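The same chain A turns up in both complexes below, where it pairs with chain B and then with chain C.
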Partner chain A sequence: MVQKYMKVERIDHGTVIDHILPSKAFEVLRVLGLSNDKTMSILVNSHSKKGGKKDILKFEDFELSAGEANLVALVSPQATINIIVDGEVVRKFNAEAPKVVRGILTCSNPNCISNQNEPITTEFTLVSDEGHRYICSYCDREIVDLAKCISA
Partner chain B sequence: MRHVISVHDFSTEDILNVLDRAEGMVDIAKGLAVDDRLKGRVLATIFFEPSTRTRLSFETAMNRLGGGVIGFAGTEATSVVKGETLADTIRMVSGYADAVVLRHPHEGAAKLATEFSDVPVLNAGDGAGQHPTQTLLDLFTIRSEMGRLNDLNISLVGDLRYGRTVHSLAYALSLFGNTINLVSPEGLEMPGEVVDHLKGSGQFGTACHSPEDVIDNTDILYVTRIQKERFPDPVEYEKVAGKYRIDPELVSQGPRNMIVMHPLPRINEITPEVDAMPQAKYFEQAFNAVPVRMALLSMVIGGE
Partner chain C sequence: MVQKYMKVERIDHGTVIDHILPSKAFEVLRVLGLSNDKTMSILVNSHSKKGGKKDILKFEDFELSAGEANLVALVSPQATINIIVDGEVVRKFNAEAPKVVRGILTCSNPNCISNQNEPITTEFTLVSDEGHRYICSYCDREIVDLAKCISA
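For the complex of A and B:
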């Protein structure tokens, strides 16, 4: 008899972020900026039942807030968030791009005042859900290559 | 507290309100009438970048209304050279003055200033960003000369990519219903988002590379400087600059009522011979900075 086992154990309480784009799990962690005392499993380039590859993050005994969950969309818009209680998925939802992002991102315009060591927190406003287009609240320029602008 | 940061913060009604107030201040701006409604108030003009018209017209506006002016032009004699942040400079200056006029080389500087200032901030140009008071005085000039702000054919000529005045002017003109032509050298075309906005609001005329192509259907020829530093090759610059030189021959090809505007400084985009032609309105435009800025100061400091 072939013994079945899981690469990563199931969790009874916590959060599973599934369908993260392959190799993006560490960027998701960076965006979430969570303290490193959490118990977590990171699965990178795992085979997806839907075909292709995906990353998965599991946090034990920790429930992501909706605000935190939405930050995941900055890196991996298709990711799904599963909240687990007593071994059951009690809530499942897609990350939605936040309307406003404070901190986390840096402006791609080198001449923006937010890149000049001023005592301010960056702020970006979503102008289009399509392609997750964000505008800097200081210089009004659109962010070029969102992934490269993640500073967290 | 009302800041003046971007022309996008102004509704059509707001703009007309400023222009109406400015119209009532022309005689004071010329020194023909005396008004001291801002007596005892202080304006700080802090300019981190060179300026002639903007700074002097703001200072004239404040003086004509009976107020006082403090400030600096260039950072050599200030704590900025010691590494002081803009945030700290603004906090400090806003304690000395009733309003702050700021010009800064970095985009978004004026927005930052509003977060640290206890008094109104007026943006006098931040990097390649906004210069809203220039837009207002351009509109004032157009209304004074043409009698209206709508149903006009306006040709914006020159560096439409980097010239900060033309972006906000194009936007502001689109609030009133006009046809806007874009004439620029290759590589210095108007940014896509501005063109999209004009097309979306049905006010895009044509885009071309030669002023001759639009001159016979132009009510306002708005010329801007083509900056030499944008061209790696000086020969290429000379070639392009030559093509965009506005001379009496070109101006004569336009409709009889056409006017020529320029935010100044000009280098050689408009030949001096044009100055004597009735179409030349750029020095009137420079004067109009005073009543328009008087109107703004009376609103943000005087609470009118």
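For the complex of A and C:
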């Protein structure tokens, strides 16, 4: 019995996020906050041609906006975004850390006003491109572990 | 620029869980509770040859035990498990709903003794194969929404 499970369907239209840090694909999905009705493939700890491992995300019939693409940089700064149309890569760019992130993240400071059940949207500001450091715009608390700050 | 992202690497050794209900692959991963250092591919809402959609999980160099395979049935009873060795399917079987589930699930009854910070392992018993109904072995509370009862 020869296995039939070698291929993922070719993407004719959609988005491929490549060079995601290994094991980080799930966090990327969480920051994107996409509904789970999309057709997608997630490769985790895939062997990279350059050696080492990486994750890859492919979305069929779904084009990531520049704003969404930049959210990817929060989790995996080296990721590249490929937009596929008619089976070809028509656009390829790097995710760029957004200057300001509204919603999506939760402040780790329990006393922050954004955690007091007020009708406030969380906001974080990029303070240093190096290491992608963000602080809360309300209480100045810096994000230490971003994965733990992604809103459920 | 022709896209290079059409294939997932062939699995020579490993496990393929096929015919998972659409959008349920993430829940299957949660009940299996595997560490995230594995090389795996997750296909979500993939187009099935028989029409409709399904999810598929592929683990490289990792053979699911019969006990683990049965946990898959908690989330997706129709799933089939394929064990791949040297590129061929050497074993193919259906996940069977386990009679008893220890750990993994949390009782939804806040007053259940298993939720009182006692050193107790949760336990659920299969009471009906139809619809895979489970009740808590301690307080008899039936699981209504299994996805919500999977331990974090």
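Here is the rule we use: the second predicted complex is superposed on the first by the 144 of 152 C-alpha atoms of A that agree within 3 Å, B and C clash if a C-alpha of one lies under 4 Å from a C-alpha of the other, contacts with A are read in each partner's own complex, and residues count from 1 in each chain.
Just so we're on the same page, contacts are C-beta pairs under 8 Å (C-beta built on N, C-alpha and C of every residue); 3 or more make two chains touch, one makes a residue touch a chain.
Nothing here was measured: the structure is a model prediction, and the numbers come from that model.
Judged by the touch definition given at the top, the superposed model places A:L34 against neither chain B nor chain C.
After overlaying the two complexes on the shared chain, residue contacts for A:E88 are found with chain C alone; chain B is out of touch. In the overlay built on the shared chain, the residue A:I135 is in contact with neither chain B nor chain C. Touched residues of chain A were counted for both chain B and chain C, and C has more of them. Contact with neither chain B nor chain C is seen for A:I150 once the two complexes are overlaid on the shared chain. Once chain A of one complex is fitted onto chain A of the other, the partner contacts of A:P119 are limited to chain B, with no touch recorded for chain C. In the superposition on chain A, A:N109 makes contact with chain B only, while chain C stays out of contact range. Residue overlap on chain A between its contacts with chain B in one complex and with chain C in the other: absent. Remark: chain B residues 6, 85-87, 104-109, 111-112, 115, 126-130 touch chain A in the complex. Of all residues in chain A, those touching chain B in their complex are 109, 111-114, 116-120, 136-141.
Residues 1-3, 5-11, 16, 18, 23, 26, 36-47, 53, 56, 58, 82, 84, 87-90, 92 of chain C are the ones that touch chain A when the two sit in their complex.
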